[in-house]
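Read the structure below first, then the notes.
By written order: A, B, C and D. Residues from 1 in each chain.
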């Protein structure tokens, strides 16, 4: 098991490592002179630009730049933002808990709604319950997050005025989390349904039924326990999608997370911020997938012991 | 001994299998039309294509002309979906927007499908180091998630609808590569592939005559579903201001423009949103339908 | 015999509705008496499984429909019983064993739980009592360390062990009726022998009535008291096992029995069964293989599953002459297919030499290899899977000829037609696709495809094991006819000793990647020199109910000699 | 009581040397104080500096500080702190607006309350600059690495409590504050306890929050201003004398805008009055001059004489002269910066331009990016791509902005020549108002005749406030300095 975790961590590390390379290359594939684009504010002279170039090490061969970048990374230095000239890591760390809170709340909603819906549909396969659940799910999949968000905002905040709209407390988490959670619940419902249908067709479920076990035992002990395995495996992916979706939803609801700030950074061409964001995001997603893999291994004895 | 399960009816040896052949639908299209999702999907997508092609004819107004009507006019007989804050006809804009949406679907999926297919085929066919390195890279890119890759691309190329299409295309290459790779691995493991190798087939024949046709059906399904993802993603980017630029009547961009007017002119938000949702729904249903129609298990039933 | 326990009358089951309706079982009636073993036999798809699952209410609820019939058990009709009552019977009075031991146990639950849960549910036992009972049953089915087994997960057990667990599970409730649906089909003959012994023992001990579903006449002869023969959903014939085998009433039953290869039927002949007037003689050495070894390892590049290696082939060598059949026999995983692939270089060897028709196959360039493949072709176990589903069969048959530039245009079409006729197919089938053919026809197509380039060697990897016995007989006939008229050499891979006896000149027995015995067919099968060969032969159920039923021999794997081959008689070698 | 002020975006930095945005400046304004202060007319007067003298050669300024000014950390504010601030602005990591301090050579501390500033040449805009927030005085105790992000010590009416970036800045009243120059009645510390500056990007959300009372002051959605005024619950405040100027700027180094006729065509083809009426509905004004209303040198009548009234025919004629026509439209790109409905304005201009045969794509970007891209466009004179033009925006309290924009090398490396350089230099070195006015207006005329800097409207960003009824005393000083010291919240 330790070995397994170590392997997964190593894989995550490779992901992050490749992310560092990608992020270093990013600045170099930008057409034009990155320094001018980044720092060319209205009063910088060519000499000052050159000085910045030297300060950032952009005058050196790319592999030296990369080595230095790695060196700074290891000390937790992600560079400084261009807008406002602040440490990138600080900015990320301030905003990350907000995104994490949103992602987690949405995940809970997505799992609660999506998995029960999918399970119900699979169990009632072929009935109107199944059809209804799947129509709901496919409509959910087709609905753009941001539109759903706007509709919810229009309904609950502006028209009914049930929920607050400005402010960072948990009440204002409800709408964005609902938006993101419902959109992902739809995806999860479809995945759960097909996973569970596969499981229901398995020989071992037939065996369990042949043993005369009660419906509950067959469903929960045999089918769901086994069905959870592939579903949990999908959760890692789901989390990544959630984080991605958060970028959009944060912008709709003015949620002060990394996603909203990433968009601002793209507009401002604040490359150190963009670099930091990509690296950070890749790390978070990679870590999440390690956690999911480990959870997966705990659920599936076939992995646990090999 | 194991038993034959695929066509158990024709157990006695050489009796012609007319019976089972008769039970099969004549064609893929017939199978597609028989599944409700396929049918609805096809109708929606068909409508979209028709709208896109005939927009110049059927659109009641010029989508770009300002003050074509009064500003912020709620839906009326003249302006079925109302007008926006410049007095432009929302319906006409949505009809023209279908052109952009189709373009997004074709270009984005075209890029990701072509590159992903190539990558997946090469990796899956070659095995060994090439495969491992390629797939490891693809896995890593995949874990970056599409939106981040798209953001990175936009940070490099700058914002704009064309760039957004390309960015989305690039961003989903890893996904298509993965799907292709896994299908190739499955197909490569099937005896027919070994049979072809044993018959003396060379690399090109193995890849293009044997693997490709067996990989393509899955990719058609994935590609159809992929159009819906691409349309959503592009609308998302446009909504964030990273995609379409004014005055393009892109639906996501129209939605984003409606934000400030959400309570005064809800029709500006409702109709483009519906257009996106229905289109995405259409491609999703079509994809499901194609999947069902291509699945021999479903077809034989 | 004794009283009737279960009486099935006029059972009809259909799938689907309307024009899609497919009647799987039609008007089936039979009685099961207390303490007897009733075998239900028939070819694939004849409705054996469906009819028994219907009794337990295990058919897929939405697609299957029991259209008529009664199944009286203890004065109640199983078919109309409310679900709750049915559930009370399942796993208690009536239990079931399924064909696939690998997939029939829930992978995420411990063996112990799976064994005890039915007892707790039905017998009102406490968990502790149930565990005691489960341990006892595990001992009874011959599993060592029952304590430990209880804590293990299914994937930690071998197929045979899992099937024993299934049997323990089914017997623990002390059922009145045990339904065993092909309980040994997925197992090797030696393991099959153990399981059959076990079932026999348990039956005697508990006097359980057994419904044994199988397609293997050997198993029927070994196990059954009475037999029901089914064909296409209907009962063809029913009777005591001895009468059925000696005096089958129906033509179908007779055909079925005739098609069953019987080990020993050709023991007297040195040659394979002769099917043409003047068979081509055995010629010079065509294949010479020496010291072939192959180890598979999984994983690599940073994070594979790491390190697990399988020695699939070790120091394998043999010779094969033109026009000759060398049979490779052995149990699953013994390396037969690997050997076949190695000869055609469908996979790279770690060590060893292979020479086919004077060409060193291992050192060929890739174009040279492609050319060499004209002389050697392959036929696979699953004819459907080995034909590209997206190509018409005409194209498939033409493909090797196209590749090797043998013919094109109308000449090619002519040849394809000729090949179709040669293997007994009609020329107007050319445009069809593989799924439009039956299993036997597909295998003929695969053979036609191999024949097109005029090969000298055909590696046939279990070419008939996916087929029903009657179809198998026809395909074997065709293969023999082709060899004898064209002088083909076959490397014939099989796990069926009776088939091997019918078709081969020489036999090589493989175990754990090594050839443990090789020699002429008569030498190896009639006078096996190696203990493993003897066990293998003895474990084959004999389709002859008249023979006295003995305990099938079990294998002591620990003491088998696995050393180098040494000659025990001229041309007959065995491992020491 | 806590006052919540919601804005569409957040400050970039709390270090006045590290940002240029209005959003940042308005926060500094609360934390830091300036040596001088503008009155409501925009005339600089004493504030932290009680008095000042200029030497006869105009090169040395001597300031006298008021007594008893305390920094937020309790230390005294002295001439040393002033020196610290100015030296820092010229240090290793100089202030982003370094040049606006003027040609300062040295700051000398004479005694704790007296200091002198020496210049290498005369600089007419120095005094007004000292009343602007970009000259905010930083206490010399701001040496921590966290300065500008989590610490900020000034002498202003509010102290920094916490800054959650992107979300909100929490400030508390500075009990020691004494008002010496701001044009409000309250002579001392603010009445409110805390000022919370919150970021709420969506206009509708801000409006909703205003209606529910979650927020007291915020920029409303422009489209709703009329309705809000009608309803009468919220008060709409429009800042005056903002110094903001929105104007056309062109890539003059390459075609098509190297030709004055192309620039003039754009000017004639666009109708700013109509556009602002549609988008801002009377909240802003047509601006003819290159410097905004309230800034020295602005004179609508004077500027209009050299301006370009809406005249599409003239535009078409100019284009035809250049060889463009219905079959060959002039293709170019318009840069616009994000927010404030400017993209909608651009869309109207785009449609107007299309009518005379100018096909202008729109690219929307952050203001920082736009500054950099515009400069890069001008410097790339060999590109095959058609040159671009942009809706540029500047806010300044003095016509010295023209020097910074157009004196070579120029903020955008754009239009420049020796003649203009000489004229601009004179606007700096001429101190006497009437003489300076002449010099400034000469430059204005030159810029307009050459169609390099074509005024559109003023004000242009963050100048409209909706205020809840229970809030009184909120005031926006000149050049968009919101003042909260007079604010009271009822109930």
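Throughout what follows, a contact is a pair of C-beta atoms (placed from the backbone, for glycine too) under 8 Å apart; a residue touches a chain by one contact, two chains touch by 3 or more.
Chains and their UniProt names: A, B = Peptide/nickel transport system permease protein; C = Glutathione import ATP-binding protein GsiA.
The shown structure was predicted, so the numbers you read here are calculated from the model rather than taken from an experiment.
Of the two interfaces, B-C and B-D, the higher number of touching C-beta pairs belongs to B-C. If each chain is reduced to the centroid of its CA atoms, chain C and chain D end up 86 Å from each other.
Each chain gets one centre point, the mean of its Cα atoms, and the points for chain B and chain C are 44 Å apart.
One inter-chain figure worth recording: chain B and chain D are separated by 47 Å, centre to centre, where each centre is the mean of the chain's CA atoms. For this pair, chain A with chain D, the centres built from the Cα atoms lie 39 Å apart. For chain D, residues touching at least two other chains, in rising order: 202, 204, 338, 365.
Residue positions of chain C touching 2 or more other chains: 302. Within chain A, residues 14, 153, 158, 251, 267, 269 each touch two or more of the remaining chains. By the contact rule set out at the top, the touching chain pairs are A-B, A-C, A-D, B-C, B-D. Residues of chain A that touch chain D in their complex: 32-33, 36-43, 45, 82-87, 90-91, 94-95, 98, 153, 157-158, 161, 164-168, 251-252, 254, 256, 260-261, 264, 267-269. Those residues of chain B that touch chain D in the shared complex are 64-66, 71-72, 85-86, 158-160, 241, 245-247, 257, 259-264. On the side of chain A, the complex with chain C involves touching residues 7-8, 10-11, 14, 125-126, 202-214, 217, 221-222, 225-226, 229, 299-302, 305-306. Interface residues of chain B facing chain C in the complex, by the touch rule stated above, are 1-15, 17, 20-21, 23, 129, 132-133, 136, 190-192, 194-202, 205, 209-210, 213-214, 296, 301.
Within the complex formed with chain A, the chain C residues making contact are 56, 58, 62, 87-92, 95-96, 98, 100, 103-109, 117-118, 121-122, 153, 155-156, 166, 169, 302-303, 305-306.
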